[in-house]
Amino acid sequence: MNDVLEPLRVGVLGARGRMGLEVCKAVDAAGDLTLVSMIDAGEPLFNASDAGAQVLVDFTNPDVVMENLRWAIEQGISVVVGTSGFTEERHEQIRGWLADRPGVGVLIAPNFGIGAILMMQFAARAARYFDSVEIIEQHHPRKLDAPSGTAMHTAKVIAEARAAASCPPMPDATKEELAGARGTDVDGVRVHSIRAAGLVAHQEVLFGATGETLTIRHDSLDRSSFMPGVLLGVRNVRNRPGLTIGLDALLD
Amino acid sequence: MNDVLEPLRVGVLGARGRMGLEVCKAVDAAGDLTLVSMIDAGEPLFNASDAGAQVLVDFTNPDVVMENLRWAIEQGISVVVGTSGFTEERHEQIRGWLADRPGVGVLIAPNFGIGAILMMQFAARAARYFDSVEIIEQHHPRKLDAPSGTAMHTAKVIAEARAAASCPPMPDATKEELAGARGTDVDGVRVHSIRAAGLVAHQEVLFGATGETLTIRHDSLDRSSFMPGVLLGVRNVRNRPGLTIGLDALLD
Amino acid sequence: MNDVLEPLRVGVLGARGRMGLEVCKAVDAAGDLTLVSMIDAGEPLFNASDAGAQVLVDFTNPDVVMENLRWAIEQGISVVVGTSGFTEERHEQIRGWLADRPGVGVLIAPNFGIGAILMMQFAARAARYFDSVEIIEQHHPRKLDAPSGTAMHTAKVIAEARAAASCPPMPDATKEELAGARGTDVDGVRVHSIRAAGLVAHQEVLFGATGETLTIRHDSLDRSSFMPGVLLGVRNVRNRPGLTIGLDALLD
Amino acid sequence: MNDVLEPLRVGVLGARGRMGLEVCKAVDAAGDLTLVSMIDAGEPLFNASDAGAQVLVDFTNPDVVMENLRWAIEQGISVVVGTSGFTEERHEQIRGWLADRPGVGVLIAPNFGIGAILMMQFAARAARYFDSVEIIEQHHPRKLDAPSGTAMHTAKVIAEARAAASCPPMPDATKEELAGARGTDVDGVRVHSIRAAGLVAHQEVLFGATGETLTIRHDSLDRSSFMPGVLLGVRNVRNRPGLTIGLDALLD
């Protein structure tokens, strides 16, 4: 707790976007962080270095994020990145830039929701111990895709864990099924997508074995739920030199 | 409470079957009822009248239940029937027999689960007030059909209630769906069937409107859950002369 | 559906308050309603009559609501009232004013949440059929009172229903209890209050009998959830001359 | 998977007790295990060695379990123990016996429910990432203590994890509380105990942070749910020479 005495100096790129604004508010409200620079499209990056930023948070867009990263690494400033559009090539390029700057860390996370990440970690860990597992995800009715990306990803990590443990197929005696009743099959894991007014973003992973069930459920109400994950990244990115992909690595 | 002084005298037909045995135990355990006769296949019905039975419970089979009913009505004994296999013709025949015996009541119920019946009644009543409704039923993996009969019936009563209230179609922007993710469509109501070890018989009806959801959930663990419904029938059948179909009528 | 052709003309009193603004948006968005007048503190009521309002919605404050009602009834305009502070004396006075205007309806509702009202109705109806019932309410940690008002009211209607049906006390063998573990006792019904970040306003009523449970759960996310109840009142208040207390009467 | 060819030879001590019988059935049903010996009170232990048992399962009682262990270790047979009544002194004595037999493993587990153990592990792991956490445990109404032992233990591991991470106190603005509404306080964690007919043994751990909640729920229906944990112990105890306390160590 000693290092709390000197607040960490944070700058935000994409500061006027929806996520950027949330990040500015969250940094501002955190006692151990100081918001020293808010930069949006068209504004010069050196405002951040002039203000003494030690960590930058980037919620910009795929067109400019690489240029932002190149500049920040050059300046010796660590970066937490929520912008999308990364490929293995981009990862390689960033690793190249970082090779010359051993004290700089870059964290790129596709999902800053700590609750969602823990749900997936727990699901992966429980998978081998139960005969059955199904996923029920529930979202507002304006959502275009079914299942959700999080449900797809959860099904995949469960399927991998079960395969690694040589789990047998799940029991299912269904003989007569109205088409779709049993959901969709994602790598052997059944996924069910509920869409209803009044819902926001929810997911339940139901594990079953003889005489017991274990349920892991995540309910997300708004994008403020991503801020603890962003701040976790901000507080830890300098202690992780090099490139880190995913918030998972910080959850320990 | 005054009439509790004189316990009601009850006989059970099919007394050695799985349900019959449960009924005998439940009647025996009830302070306001006396088990006076247990009759199984091959044993004479007049044992019940000799023992002074005022109400009979019939969990036999479709081949003998009509003969049982004819005899009981003739004797002036009211009957609660859990045996299956009834048709409109059978109903008519029973009404004919009852016409001559104004003091006798017969209750035929396809489902004695009070919780399940209330769930369906509540679902029918809530249906018109919400934009969205979906059904999630969860059963053990040895079940052959999906969706369950209860889920099918629940979807139908909801669809009828929505039609009667001229509800518009439910909102659903789904554009990209993996086949089955959105469940099966039963009269316009989406139904999702979960099958997993450790489950018994469960159903959730989820209603959604702007900013709120209402969920009605029923969990059933074993056939002892039908006994309160059977006893409700036993206690009330003599007050309902003629033929009554379904336990619903007694739940008020 | 024929009268949909001519939208109902609606005015809002207290139009710039938090609830008033929501009502204006909801009326505006409804195809069968027209928002003809928005009146706030200091603005003349006759703007509403000049604009031809057929129904007024009043979300003002206890100091001015009686004067608003007197005027509206005089003008022959029906009113839906969400303002608080009503007493039996006020109800009597309103009934007096209405006596001379047989075509005018006034609906005063302490709660416009249809989901919450249905939850309480269902709970009252299920109460007599189960051995056990407990209430678990869950709210954000800024809430000052525990249990919530809705939980207190739900416990009371359940207790009344159980008393009316002469239900025996609930089974509970607890011998060793850490103080508070079993919640608080409201008229014989145990109520448990959860307070946690990330929650908004939720309530679960859990009924239990041998081998089964029935759960009724309401989740409320924001005040927009009250609008369907307000609109239900607006659409029906003119068909209910005289004074109506509570939205319950309209839910049938 | 190769060693599946030769089934592991298992003996059961306390074979006619409730848990012992379940273990016999479970071992018998497992393809990779052979039940070679069922021994109950008064029967000689050497029946097990004569039958070539490689692993023993002990569900006896505190009076005889130490003698059973001494004998088995002497014979070089590994043991999975579900019997209660162990103290640190007993652990030390067992470690002494094992010191001379490096190939023998003894696993003593107070709880063989894999689902319950995972629930506690996940709760401990999630604890530091959320502002709030409360425990809701639900049991049948014949239970004598509130909260349950599992809930007490879960609260303690959560409290330890929060202390280790220097988490601030949980937010809670409650000013007016009916006594008991907010549950009982176990090391700073609120625990709520529900008792209702129809329930068996259930527990929910609810974590909350800004805009999101994470819920871990375990439902247990009968003692068959402990068998996967017992079999996990049987299959692994020989690979863990020495004394192992708790099934946790095997879940990785």
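Labels A, B, C and D are assigned to the chains in the order they are written; within every chain, residues are numbered from 1.
Convention: a residue touches a chain if its C-beta (ideal position, glycine included) is under 8 Å from a C-beta of that chain, and two chains touch if they have at least 3 such contacts.
In UniProt terms the chains read A, B, C, D = 4-hydroxy-tetrahydrodipicolinate reductase.
All figures in this text were calculated on a predicted structure; none of them were measured in a lab.
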item: Recurring contact interface, reference A-B, options B-D, C-D or A-C [over half identical by residue number]; value: C-D
item: Comparison of A-D and C-D (more C-beta pairs in contact); value: C-D
item: Centre-to-centre distance between chain D and chain B (centres being mean Cα positions), rounded to whole Å; value: 39
item: Chain A and chain D, separation of their C-alpha mean positions in angstrom; value: 33
item: Averaged-CA centre spacing for the pair chain D and chain C, given as whole angstrom; value: 48
item: Residue numbers of chain A (touch at least two other chains); value: 130, 198, 207, 209-213, 219, 221, 225
item: Residues of chain A defined as touching chain B within the complex; value: 130-134, 136, 138, 141-147, 170-186, 190-199, 206-213
item: For the chain B and chain D complex, residues of the former touching the latter; value: 198, 200, 219, 221, 225
item: Residue ranges of chain D in contact with chain A within the complex; value: 1, 113-116, 118-119, 122, 125-126, 129-130, 166, 207, 209-228, 251
